[in-house]
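In what follows, chain A forms one complex with chain B and a second complex with chain C.
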Partner chain A sequence: MLQVREVGYRYGHRRNWLRPRKENSFVLNQVTFELNHSSCLSILGTSGAGKSTLGRVVLGLQKPHQGQVLFEGQDLYAASGRFRKNLRRDIQVVFQDCYSSVNPLMTADQIIGEPLRNYERLSARELKRKTGELLEKVGLSVEDGNKRPDQFSGGQLQRINIARAIALRPKLIVLDEPVSSLDRVHQSLILDLLAELKASLGVSYLFITHDIQAAMTLCDRVAVMDRGEIVHLSDSPASLWNSQQTAVKNLIESVLPDHPGDRLTLF
Partner chain B sequence: MMTDSVLEVCNLNIHCPKPKGSCDKQRGLSLLASVNLELKRGKVLGLVGESGSGKSLTCGAILQMLQDRGLDTQGSIKLHGQELNGLRGEKMRRIRGKDIGYIMQNPMNAFTPVYSIGSQFIETLRSHFKISKKEAKIQAHQALEEMNLHHPDQVMKSYPHELSGGMLQRVMIAISMCLRPSILIADEPTTALDAVNQIKVLRELERLKTECGTSVLLVSHDLGVIAQAADEVAVMRKGEIVEYADVHELFDNPRHEYTRMLLQARPGIGQGA
Partner chain C sequence: MMKKIRQNTNGSSLIVVCLVLLSLFFLIALLAPWIAPYDPVKVDLLNKLADPSTQHWLGTDHLGRDNLSRLIYGARISLGFAVLIFLSALLIGVLVGCISGYAGGWLDTVLMRMCDGIMAFPNLILVLGIVGIFGPGLMQILLALMLVQWVYYARICRNMVISLKERSFIAAAKISGSSSWAIIRRHIIPNVQHPIVVIGTLEMGWAIMDISALSFLGLGIQPPNAEWGSMIHEGTAYIRSQPELMIYPGVLIMLVVILFNLLGEALSERYGVSKREL
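Up next is the complex of A and B:
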């Protein structure tokens, strides 16, 4: 479904005599991977590895300087306006910071209904019914629809973001650290919800995270990024444990113990 | 055993008074109810609980930073036998930083963006000790080196936005370490960091504990961090401490239902790392 071919991206590329171009400043370098229907690829890596940039490139927000992004066989960035509008409908996103990804002046109903208003001609009653359904699907109640973002907790608001993302029944959702700002209890609840939605809607996830444990619960394929390159890409998440790559090893070694008996020796 | 204890929090209550001009029906809110904590020398006390359970509020109360927010703090907070609750202004300012170090969740917001790391470091040292700028600079340099930050000179010259979150957090710990506090309050020190940087920060906290004998109050919602670093754990829920036990005891047989739920909420990883 999604094919990313040798994508390269660099920031600050607009060069002039005050800003000479730096060599090797690629944030993404020759990134290549594929993602199939109703599967979940998780992109792991430390901060600054280029995970989020990759997410934005896949979303169609930043045109890569090299390579192509193909969605259903069509080049995402070469497509004409109308076609891109339809592509956008099929690719949705959930960001880490749930508070800044919603308009604080809108009610939950309006937030969730926004994509529906943009793409589907629905009567007000239909819209209300649909947003109600979506709210229930993510584990909130219909009455929550009249509340505004500041009346929700982080976990609840993240559910609203997810409801907005699934409103148009997209084929792909980019999850950019969707659980990192939540506490463990809510993390596992949100992960359960995401797994459930994947099974019921058949949607694919590009799950960007630095948390191996969160990734393991959801994904069926893993990629590890380090300094803009994919250093490990595999169909079985378990293969991480056999990898010889330093970046992968660092990630594995930084998994905290489940029990004080298995403490890591730090120095 | 009494001499062992560095900080004692007894019967701490925090109350949010009713807003001015509100009708009689509206009552104030109780935010913390009889919290008791004891921090022993060279030990790490973990404080766990979900968001909104009052963890950060407890830290704020120990540092006496809640009066400005109009909250009513009652109870006793004793540092080496000295009562902190009610201390104001200059007196409290001397204790903050010098005796009680504080590391906050978001290292990006902890520094002023307009001054270099070095000048902020030196300013902090000079406000607590009578030393020259040169001496302060040497100390800062040493502390940064000890924190496993490579090229300390470069770090001193750089501005907060030029460093990563993990590096800034280690600079924060370096500053705290220089002041040699008897207690360090670490309020979610690794929440904003990725897993690899998290381990680095925990390593430095561990060193602070073993090498300087600093007691640490480690606030976290991540039981992995607690399992790794804490000696004793207090579990908070809705402003109350529901369980207080040794870390092994807590993980092996959690007594309170809520603790059990927290322990179960950890996603399993499948493979043994």
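Up next is the complex of A and C:
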């Protein structure tokens, strides 16, 4: 479904003869992977590894300087106009910071209804009914639809973000650190919700995270990124434990043991 | 004094008082033909420079025209044109600011350098220059003041848009299929409205001052029509014998400007807009 081919991306101001481009300034370098229907690929990596940039490239927000992003066989950045809008409809997002990913002046209904208003011609009543359904699907109540973001907790806001992401029944949702801004309890609740939605909607996830445990609970495939490159890509999450890559080892060692002083015993 | 007023009344009641008094001014201006006791341009040379009496509550000027009527009709010009300038500058400024901040790149550079150019000039000199080219008259003044005032709205709007653009709800809106125009309309403009209202209120005060100043210089409204600034100008000849001819319109200008400034202060406090941001 999603094919990322040798994608390269670099940040920085436009260079000129006064400021020559530095060698090797790529944030993404030759990134290649595939993602199938109803599956979940986790992109692991420390901050600065380029995983959020990869997410933005896949979402169609940042055109890569090299390579291609194919979605259902179509180049995401070559399409234009209405065709592109329809292609993008199937890729939605949940961002890390739940507070800044909702407009503080809108009600929950308006937030969740925005994608619906953009793609479907619905009457006000139908829209209200649909947003109500979506709210219930993510574990909130219909009455919450009239509240504004400052009346919700972080976990509830993240549920609203998820409701907005699934509103158009997309084929792929990019989850950019969706639980990192929440406490442990809400992390696991949100992960449960995501797993449940994946089963009921048949949606694929590109799960960007630095939390190896969260990745384990949700994903069937893992990729590890380090300094803009994918250093480990495998069909079984357990393979991480046999990897000799320093980046992978660092990630594994960062997991807190159940009891202080214990060595890690996940498997 | 401002501080004392603010301490004695909490923010919102100050807003109410200012709004009530200002709307009173606007109401008087609007209803001028029904309220004013005399025709403001009717000359009565037998009665010139009369003292206040039951017929002429505020006396008459050097041509025997009723001062009160002229003040009331003058409010129409001063306030009416200030509102026109405010609205048009606001519209242009917010639009340019949003586009500039949202689009970025070369468009942003061109628009902002244009703003810098206008801001680098002292306003009054720029306006005098424009009026000098196109000749005196209210329309020219309106155009000139609009041209210098929109930059303030554009500047603040652009800066706010740039900081808003970093928030992920803009990216989320883009991903959920909203066009740039829809994002500006649904997400950006509602989030910049408070500072814009504050700066707009303060700019209203300036607009009234500028109109009066230009009319005082004889560049705005042409005689025999009345405007507060031009009334002060006409009064200068009688500063020794009849200083009230200058005092009446002067006091009114001062009152309205103070009200707008107080309202702006109160609103900025209410909305939590810091002065530095402006």
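Following the convention adopted for this analysis, the second predicted complex is superposed on the first by the 258 of 267 C-alpha atoms of A that agree within 3 Å, B and C clash if a C-alpha of one lies under 4 Å from a C-alpha of the other, contacts with A are read in each partner's own complex, and residues count from 1 in each chain.
Everything below uses one rule, namely that contacts are C-beta pairs under 8 Å (C-beta built on N, C-alpha and C of every residue); 3 or more make two chains touch, one makes a residue touch a chain.
These figures come from a predicted structure and were not determined experimentally.
Comparing chain B with chain C, the partner in contact with more residues of chain A is B. Contact with chain B, but none with chain C, is seen for A:Gly154 once the two complexes are overlaid on the shared chain.
By the document's definition of touching, of the two partners only chain C reaches A:Arg164; chain B does not. In the superposition on chain A, A:Arg88 makes contact with chain C only, not with chain B.
In the superposition on chain A, contact is made by A:Ser188 with chain B only, not with chain C. In the superposition on the C-alpha atoms of chain A, no part of chain A is touched by chain B in one complex and by chain C in the other. Within the complex formed with chain A, the residues of chain B that make contact are 50-52, 164-166, 193-199, 202-203, 206-207, 221-225, 227-228, 230, 247-248, 251, 261-262, 265-271, 273. Across the complex, chain A meets chain C through its residues 56, 59-61, 85, 88-89, 91-93, 95-97, 100-106, 114-115, 118-119, 161, 164, 167-168.
Chain contact summary for the complex, chain C toward chain A: residues 167-169, 171-178, 182, 186-187, 190-191.
Of all residues in chain A, those touching chain B in their complex are 46-48, 153-154, 182-188, 191, 210-214, 216-217, 237-238, 241, 250-264, 266-267.
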